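Two complexes come next, and they have one chain in common, subunit A, joined by subunit B in the first and subunit C in the second.
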Partner chain A sequence: MTSGLFSKFNRVGAWVLLLFLVTPALIAIPVSLTPKRFLSMPKGEFSLRHFEKLFTSEEWLSSFFQSGVIAVSTSALATVLGTLCAIGLWRVSSRYSELVRAFLLLPLIIPQIISAMAFYRLWIPLGLLDSYAGLILAHTILAAPMVLITVSASLATFDPKLEQASKNLGASNWTTMRRVILPSIKPGVFAGALFAFILSWDEIVVTLFISKFSVYTLPRRMWNGIRENTDPTVAAAAVVLIAITVIAFVITSIMSRRSAKSQAQ
Partner chain B sequence: MPALTRHIHPGWLIIAPLLVLVMALYLGPILNILWLSVTDPEPGFGNYAKLGESDALIRIVWTTVRICIITTLFSVTLGYSIAYAMVHCHQRQKNYMLTLLLVSFWISILVRTFSWLMLLGRKGLVNVTLEDIGLIAEPIAFMRNELGVLIGMIHYMIPYAVLPLLVSMQSLDMRVMDASRNLGASGSQTFWRIYLPLTTPGIVASTLLVFILSLGFYVTPAVLGGGKVLMVAEYISVQLLVTLKWGTAAMLAAIMLMGVLAMLWVMSRFMKLSTVFGGAAR
Partner chain C sequence: MAEPNQTGSLQVRNVSKLFGTFKAVNDISLDIRKGEFLTLLGPSGSGKTTLLMMIAGFLDISEGDIALDEASIANVPAEKRNFGMVFQGYALFPHMTVRDNIGYALSVRKRPAAEITARVDEMLELVQLQEFADRKPAQLSGGQQQRVALARALCFAPPVLLLDEPLGALDKKLRVEVQEQLKDIHRRVGTTFIYVTHDQEEALSMSDRIVIMRDGAIEQVGTPKELYERPINQFTAGFLGKSNFIQHNGKTFALRPEKIDLRASASHPDARLSGTVRSVTYFGSMQRVIVDASDGTEIEVDIDVWRNSETLREGDAVDLLWTDDAAVELQMG
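And now, the complex of A and B:
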């Protein structure tokens, strides 16, 4: 290996870089505590007025609610479609199914601005612009590939003999799916559902194109706040989002540790 | 029904819902956009010819490509350093590093962009601090220029660069390195002549992934560029939402799409695509 000195130097550099990745976001915390009416760093005095405003403002609350509804529906829909599709692809596993898999992953990698154009183009004649259904459908198409990936990863470690055994013992296809396959790919399904939720909760580019007035998600309202660059309520919202991120992260790491333990036993 | 299932695997029945949805609501309009690029406002390749005529368009495309190349270079180099450190340290330290990496993945792009706005502005924390300790007399212009866009984009892309590199480094057989040392090569010789070439697939995958993601980037350039750094994605949105010219926007989207597909094809020769996205997952 390279000399120990270089390795040590590189390790210090890597730590500095990793801290650089995480720390800038923390500036939202002091800014959200400013007592002033405009975006500024607080000097000695702190106030919670912007949090108060965030949690009493009808606009912000409705955005939280709308984003929640859209993200939960997206996650449910994407998880069902993605899981079924992953199981289907796994059972077929032919050259064609691999092509289909590659095709279905495209929405994840095609630049979001192009996806936004596509949805905008089609949603106009379909009358889906600025509606819950429009946003949920668009987000589902973007999120389903993620479920496909996580469930396929779980299926890769599933022993096909178990499926065969279940069928040999007389279980129907449906029973086998529900009692044998689904329980063993649960971690993948949960991870996919979570990723789908986050994608929708955080989605801005497509949302900017296909929503206007009646549906105004949280990212959309934050985007507006950032563009106007005056109201510190945005900082308070950012702090709430960071808190949610950290909580979600802790929950998932506890869950994955637990499932790793139960698998080891 | 039995006749049908004899030819078609029953698995396709549960693949169909998602496949049909994506074909109808996603592939359809994308093909429509490709079609528009040669028919709107009039049939022919007029939109593509504009690329040769309009200086403004060329400047936008060139700005986009330049920013993407610089972003990719920095992200992959810095990502390599992080991935290398992660693979070659104790499990515990590695877990801490992975936690930081994933947390930064999960923090909303809007929160991050907002933070850079607070840090890099004329009266942002960075300028104020530098002035207070007397390093600079005038505030440095970090925003409304390419520097700001680059800082924001590199910051966002580093985690994406790390993941394919991690996958590739973890699959290396370290006995090869030991063999090289035993045969008398120095540490840096082993690194440059054995280790680095062996991680080429990871480097290629990570380079293409970051480049593709940078190409269509919208949020950070729009905010940190402050209208001064116009990239393709922002130009497309202005064309569609303000001036309502689909033709030019469709042409730019078509070129971007072809580029992305070509790069994906190259990438698939080096690495299984699902392993790249499996970790990225967003």
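And now, the complex of A and C:
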């Protein structure tokens, strides 16, 4: 019976751990509903006034818009780059390609504060500081390795005979890529796109270094909101931030499940 | 059905394939005739797939040349060779329907949609899969997937069709059925078939000619009958069917088990050998008798149960008889 006890303990442990991980994020929800003017837990009384403020404030709306543009662009760029890299490395697969792969994963391993300083130094002479292009580029560099990982995982299960079959039937490399390889690794591509989106959507460290006035993302505005005053609008923004992340996650899961299903049936 | 091809003879000239210093294919020369059903038969690791992959263009040739209708194709990439191929495990595109799989070769050649539809319908009929056109490969049985792979490879009327152990994944009963269908399709389309297998029964029943391979080289080439009746060495005789090997005057002879006559009474005047029965195994259509011959060898005899009703028992003394033409003299090796 020890194993039964152990597995029960394990299951309880897993839930406790999960609760421990998500509670800090969920705290924002009640706080955002407080009727008070400062960050506090509501006591029996709820109000949507901070959401109202969030959605009527030009500053907050502009930050939403900017974060959206940057995250979507980053996701698109990183997905294309990461997918191409993954396919290239998969195709040449040799000892050297493994070295190249390790090198390409560096942005994930290097502490973000160090990347942030590097971007700051580099973006000054390039004139990219405090611009959409600068942020999108920096986020893309951080996010592309994630796409590389998820797409490589998909490629590892791809049957190389399918590629041979396609060529044998007369398809060029490009046609084979478009009609056989890409559809087979779709789940990995979707997952990579999602991770890239989320990374950019809540990125703060690099953003703090390389943006100032003209680009003011949502995490950046929240950061400032917390530091300068205790306006609960920040909590409302956090709730919306989480909601959009969850929605992006759900959409991607549905899409990759649908593409997996279309193969199985 | 498919319009008969004007082309389809293949010349393999002194072809070798080296993986590092290992010779997987060793100096193979072969003339494959247009429209013939040629089988590459050999044990696992004998270089069959490697040779087929060089013909298909997926592996470079280390030495020698391969030509289609006398024109070298050594430098033509796989996608330009126009050879059909049925892969081991089929390699059907999992995200496409049966119809899209079969029509793939025509669709990448940018043929008009109406032509593709018509041709795919024709192929679906050829392999008897009309009702399954809109299914995905995962919804088909192994035998049906095998037929889709065949239809896909034949759809663009290739001059040569390469098949790598296409029946390997099917169970024994289905395999015999699909063998018949495959032979029938070969007769109807007139394409040159190059068929790889390690199953000797499959090779015997389907091929016009068989190439027996061993360690990357050719042992013997011939029709199934030639190879069975006139094996040139022990390897061929033992690999294609069963054989006893008899030493006589310093020469080795191959003797098929069904070509030996077995008499229960001892000291028969024409007896070539005598011995005692070690075991008798009943197989329905025949029984296999293992005899310990007096010269110390072990001889296997297949006898027709229907004509020889007298029962043999272990320990019985027997005489072994055969005619001169039953024993085939072998070369060394």
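Here is the rule we use: the second predicted complex is superposed on the first by the 231 of 265 C-alpha atoms of A that agree within 3 Å, B and C clash if a C-alpha of one lies under 4 Å from a C-alpha of the other, contacts with A are read in each partner's own complex, and residues count from 1 in each chain.
Throughout what follows, a residue touches a chain if its C-beta (ideal position, glycine included) is under 8 Å from a C-beta of that chain, and two chains touch if they have at least 3 such contacts.
As the structure is a prediction and not an experimental result, all values here were calculated from the model.
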Partner touching more residues of subunit A, whether subunit B or subunit C: B
Touching partner for A:T175 - first (subunit B), second (subunit C), both, neither: second
Touching partner for A:Q164 - first (subunit B), second (subunit C), both, neither: second
Touching partner for A:K53 - first (subunit B), second (subunit C), both, neither: neither
Subunit B versus subunit C as contact partner of A:V205, first or second or both or neither: first
Touching partner for A:S184 - first (subunit B), second (subunit C), both, neither: second
Intersection of subunit A interface sets (partners subunit B, subunit C): none
List of subunit A residues in touch with subunit C within their complex: 159, 161-162, 164-172, 175, 179-180, 183-184, 259, 262-265
Partner subunit A, residues of subunit B touching it in the complex: 9-19, 21-22, 25-26, 28-30, 32-33, 78, 81-82, 84-86, 88-89, 97, 99-104, 106-119, 125, 128, 155, 158-159, 177, 181, 186-188, 190-191, 195, 212-213, 215-219, 223, 232-233, 236-237, 240-241, 249-250, 253, 256-257, 260, 264, 268, 273-274, 277-278, 281-282
Subunit C - residues contacting subunit A, complex: 56, 58, 77-85, 87-89, 91-95, 104-105, 108-109, 136, 138-139, 152-153, 156
Touching residues on subunit A, where the partner in the complex is subunit B: 1-3, 6-7, 10-11, 13-15, 17-22, 24-28, 31, 39, 41, 81-82, 84-85, 87-92, 94, 97, 100-105, 107-122, 137-138, 140-141, 144-146, 148-150, 152-153, 173, 195, 198-199, 202, 204-205, 208-209, 219, 222-223, 225-227, 229, 234-235, 238, 241-242, 245-246, 248-249, 253
